[in-house]
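Note that the chains take the letters A, B, C and D in the order they are written out, and that residue 1 is the start of every chain.
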Amino acid sequence: MRYRLILLLAVLALACRDHHGGGRTPDIEVWFHTGQPGEQRTIEAQVARFNAGQDEITVHLTLLPEGSYNAQVQAAAAAGALPDLLELDGPFLYRYVWQGALRPLDDLLPATTLAGLLPSLRTQGTCGGHLYGVGSFDSGLGLWGDRATLAAVGARLPVTSGAAWSAEEMEGILDRLAAADPDGAVLDLKLNYAGEWFTYAFSPLLQSAGADLIDRTTGRAGGTLDSPAAVAALTRLQGWIRRGRVDPNLDDAAFTGRRVALSWVGHWEYPRYHAALGDDLVLLPLPDFGHGSRTGEGSWQWAIPAASRSPEGAAAFLAFLLRPEEVGAMAAANGGVPATGAAIARSPLYRPGGPLRLFVAQLTGGVAVPRPRTPAYPVITAAFQRCFDDLRNGGDVHAALARAAAAIDRDLADNRGYPPTRGRR
Amino acid sequence: MRGGGGDRLHRHAAAAMAAPALAGLALFVALPFVAAVVLSFTDQRLGSPLASRFVGWEQYRRLLADPLFRRAIANNLSFAAVVVPVQTGAALGLALLLNRRLAGRAIFRALFFLPVVFPMALVAVVWVVIYAPGPSGPMNALLAAATGGAWSPRDFLHDPAWAMPALILLSIWQGVGFQMVVLLAGLQAIPAELYEAAVVDGASPWGRFLHVTLPGLRSPLIFVAVVTAILAFRLFDQVRIMTRGGPNGATTTVIFEAVAAAFDRQEVARGAAITVIFFLLVVAITAAQRRLLRPRGVAR
Amino acid sequence: MARVELNGVAKRFADGSWGVRDLSLTVEAGELLVVVGPSGSGKSTLLRLLAGLEGVSGGEIRFDGEVVNDRSPQGRNVAMVFQNYALYPHMSVRANLAFPLRMRRLARREIATKVKQVAATLGLTELLERKPAQLSGGQRQRVAMGRALVRDPGLFLMDEPLSNLDARLRAEIRTEIAAVVRRTGITTIYVTHDQVEAVTLGDRVAVVRAGILQQVGPPEALYRRPANTFVAAFLGTPGMNLFRTVVRRGEEGVTLDLGGRRLPLAPEAVAAYPDLDRRLGEPLIAGLRPEAFVAADTVSAASRIEARLTAVEHLGHETLLYLDAGVETVDPETGGGAPTRRPLAARLPGLVRAPAGDTLSLGVTTEKLALFCPDGGALRG
Amino acid sequence: MAWVAACGLALVYVAPVAMMVAGSLKPDARVLAEAGSWRAISLAGASLANYRDAFIRVDLGRSLLNSLVITTSVVILGLGVNSLAGYAFARMTWRGRGWLFAAVTALMVLPFEAIAVPLFYGVSLLGWRDSYSVQILPFVANAFSIYLFYTFFLGLPRELEEAARVDGAGPWRTFVEVVAPNARPCFATVAILTFLTQWGSYLWPLMVTGGPRVRPLPVAIAAFYTLPPRAWGDILAFGVVMAAPVVLLFLLFQRAFVRGVATTGVKG
């Protein structure tokens, strides 16, 4: 009897060994999203390098699944259980700032580190005049093409955003490609992805058509997201899917397996695509739907929670990550645009003449549009994702957009227009 | 009453024995449920710096006005409307099949029951492969073979017309073994003399099924139907993993909406209101079961 | 070896029914008391109260002068044999026997020795490793006894321990139990509904009915001078014949009315009831054991009755005759009740050849007559 | 006839499982490509490389350990806590027993889904997320298990306990030494039902676990399945490892499984 009790207690004790298991030196807990295998390996290597390079701070890395990363972080923020340093997906930052969950970085990072930062990253990380987030890379979004196949149908291969295909030109190319393709599916939109991808990838289409997710001054979606321009742009996109031009890409091998000639995706596929296609890989700007080619920007960025037990330690690790060689390492791993000019200059991919130089041009040339910088962003993107899901499956585009706009505006009202707060903490 | 010649030791022991479970139930079941009701009348969000407000019936009003939520309820209802009779019928068929003296009966029973022990998350992932679009998808290939090539392959999980039937088929495949086992136990509880008496009375096999088997299985059948109905309303894992409620809300469910609200969007109050509605649905089903299981009166 | 006293013990259940009412009784140390009564009479409740399995609602129970009302079963040092033995099915015979000792935290070695001893005494040595399911009824009974005896209890309670055995085994084990109890000298309270068991086993027998103690005493005393019509009818098979009567004194002496006939009353009977004179002419209840009837030719003509035979049972060494003697019988439960005319039972030695329906002449001996008031209580002796 | 039908159905039941096992042994690209033909179950070119990948890419070992820790803890603690409560309700006298038991049976109709949201809210506010205990403690006390134990104990002969009490055992010892050993079938039933529910539990761990540290298998496989690049061979290998313990237990204790599930149906 007594032994059984002890056994039970032991199990219970084992079961209850929760957070902060050991009792080691002042540690920095860091959260990172489970991204591409290369990113994962790189951050692990960086942590190891950092830990080995000094002995005052030990960094512990936790990988959280991307699919529910934001929900996890939100719950942890409510619980006051955020780590000392974490990654946030681009525009989600403003919600956390509004909640008072983050602390500014201005006074924590050396000015030299910040000076070289890409303007797009600086904008993305700034809120209310303070810098809250810093990315070690920015993103690039474009159309990857299979040069040989495209050439076979006589497609023009533009190298600048200004020369991007018009919507009609692109449709013509799709038709010609389809005619030569066994199953008629010639375009990859990464429909196998989930979540934020759809907002990131397809809101530039709205902007290119003269619409947007929300009115950037009033914050309201009604009249903008469901405007005729938006409906027209997304109806066109839906048409591609409806006509079978888009590969569902369940195995994520549509482009690498050369089933399709065009893949609408970001910089992170470069390593894989390059490995599969070699010199046949070509990077094109997204099509111009009337108001010039537009593309996405922003990516995962680092932030320090207000409740961090060691903001200086976290900042030290962050500064380490922003060193040119570390920025270069991460950018090399995921193909991202390096965060600083210095790193760009050293990057074989992004320096002038590099194969991905287009991305830099997009970010610095006003082609890339940041996603709405508002605490309402999680709701905006959720509404748009649902809307995209609807239209991708053949739903009525106008109805779906109107629903999304109404949801966004209702949330705005519910939160009393997201008044500036000092946060709760 | 009984027990305990006034010994306090005994009473204390009783209280101590019941206490951990009662505390657990109070803390982790009763209290949250009360909290759900309370939360559903507020606009509480997780992590919002704004103070929460009492909003009365607003959450419920919005839910009932939300086409997506209405779709979720309709989906649950149609899922139940198909799964309850089909799965119960299939289970009855399997049970009757296995109630015979069949070579390898134990193996068949084990096979049909096996998916019941599989985690639904695993079944869902495996069936994503089965429903793979294109001619090489197993389901597409099977249907093509069955129709002599007339079948044109589709993307079941992204087809508004096919996503729900796809989930239904998988759910039946996974769950029918449970009902089968319950009904098999019910069949074996019917006394053999009843069948012998029926044979003596000249009943045909169909007559025996109608007048001996079915009445004898009344309780297990009702139980099985009710459990299946409740499971139909708890539908979540498959949806979250395979379709995320899509396409066009074709597979969204009450619980999927609750999780999407409370967890994905931090709209705790809305999620709470959904679970309260869910609870009322479950209570309605349980009440129906109680009524059905009441001893039969004059009316049949 | 406890001396057990019950003072006004009462047990009322939650549903308002009484288990035991105002029961006072003393059991001397080392005595074997048999509690007998029909099923539902509260005799098992009495045992459970003594064991501490139930709490009393009133009165007190004393062991050796100490009130034990609030003591738990484990604090009372009682042992109990249950009707269906209640052997622990998951334990071997050895473990069953050792269990009460383990609960008392005896040393391992001591337990082994005691178990061995008890097993030897009860002939269980061969069975020690078996599980209860592998034992016969008699063997299980013995294990149950052994489990009770192994720890030298102060009081030994047995709840119908033989009721699950067949008739032959029952007689055999009955003697065994009696021997064991006498040898160990443990105070024993034995509950049964079988009056044969009661009278053959008990030093004293207590008869209970509906939770109320009817009479306690040595078996012979109960048989001869039952305290009331209930006890009279309950003991003996068949029980005492009870019928309405009037005792008169006339020129032929004191007579007893039996279905209109006046039988002379034996002087022993008259002497046994000094109060009888004051009851002359009043309605009374007469009790005659079946043995009171004898062959007609062994008594004087005045003591003979004519009766129609309603049924005959031949038992080999004796014959039971059921007679319609035209008497008004009474319900032993109440002593009164509506007038009924049940036949009287008569027990005659040897084989009596007479078919039912015949009219027979029989003698009636009244030396052992019992007389009761119309309320069922015995006439003061 | 019936036998042929049974075989046909058996095929329907075996095929997905066979496909999973065969797929787990093939290179990723071949899984989908061959899924539509008989080659889906061919073992040509089988290798365990996918298993190695699954262990490396998503730390399958960690998830397996987590699932084991959580499930066994819930099963063991649940057996103790619920059997004691069932016993107290079935056999002991104490104040409030009647209405408390009514309350427990009332809670039986409450599926976990009905309380998941406020519970999630509560544990989030308390900072109790992402731990073993938050996945264990809420599931220890279970109204249905209590009810199963309760009905079982009602059917046990009362004399056994009375004999034990007279033999000198207190209520706890009586329970541990006499009642529990005679309630093995009921313990087995409850253990199996608890095990199955916990092993497959997805909704709650999805909401309360973050990284792989305490994440159990169902959440891990769902996360793995969305993790680019989607390597079907690895995913199926993960699935095989995830199914193996339950299938093994099922094959070992088939009778108890079937009986356990069936009794809930008969009694429920």
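Basically, a residue touches a chain if its C-beta (ideal position, glycine included) is under 8 Å from a C-beta of that chain, and two chains touch if they have at least 3 such contacts.
Quick caveat: nothing in here was measured; it's all calculated off a predicted structure.
Chemist: Which chain has the mean of its C-alpha atoms lying nearest to the mean of all protein C-alpha atoms shown?
Modeler: Smallest centre-to-centre distance to the global C-alpha mean: chain D.
Chemist: Give me the two chains with the most inter-chain contact pairs.
Modeler: B-D
Chemist: Could you work out which chain's C-alpha centre is the most distant one from the centre of chain D?
Modeler: Computed centres place C farthest from chain D.
Chemist: Could you grab the centroid distance between chain A and chain D? Build each centroid from C-alpha atoms only and quote it in angstrom.
Modeler: 37
Chemist: Between chain C and chain D, what distance separates the C-alpha centroids? Give it in angstrom.
Modeler: It comes to 58 Å between the two C-alpha centres.
Chemist: I'd like the Å distance between the centres of chain B and chain D, where a centre is the mean of that chain's Cα atoms.
Modeler: 16
Chemist: Please list all residues of chain D that touch 2 or more other chains.
Modeler: Each of 32, 120, 124, 170, 172-173, 206-207, 222, 232 in chain D touches at least two other chains.
Chemist: Could you check chain B for residues that touch two or more other chains and list them?
Modeler: Residues 1-4, 9-10, 46, 128, 132, 263 of chain B each touch two or more of the other chains.
Chemist: For chain C, what residues touch not just one other chain but two or more?
Modeler: 52-53, 72-73
Chemist: Under the definition above, what is the set of chain C residues touching chain D in their complex?
Modeler: So the residues of chain C in touch with chain D come to 48, 51-53, 72-74, 78-80, 82-91, 99-100, 103-104, 147, 151, 157.
Chemist: If we count contacts the way the header does, which residues on chain D are in touch with chain B in the complex?
Modeler: For chain D paired with chain B, touching residues are 2-3, 5-6, 9-10, 12-17, 19-20, 23, 31-37, 40, 81-82, 84-85, 87-89, 91-95, 97, 100, 103-104, 107, 109-111, 113-122, 124, 137-141, 143, 146, 170-172, 175, 196, 199-203, 206-207, 217-219, 221-222, 225, 232, 235-236, 239, 242-243, 246-247, 249-251, 254, 257-259, 261-266, 268.
Chemist: Which chain D residues qualify as touching chain C in the complex?
Modeler: 157, 159-160, 162-170, 173, 177-178, 181-182
Chemist: Taking the complex as given, what residues does chain D use to touch chain A?
Modeler: Touch residues, chain D against chain A: 28-29, 32, 57, 69-70, 72-73, 76-77, 80, 120, 123-133, 136, 172-173, 176, 206-208, 210-213, 222-223, 226-230, 232.
Chemist: Which bits of chain B are touching chain A when the two form their complex?
Modeler: By the definition above, chain B touches chain A via 43, 46-50, 67, 128, 132-134, 155, 158-160, 244, 246-250, 263-266.
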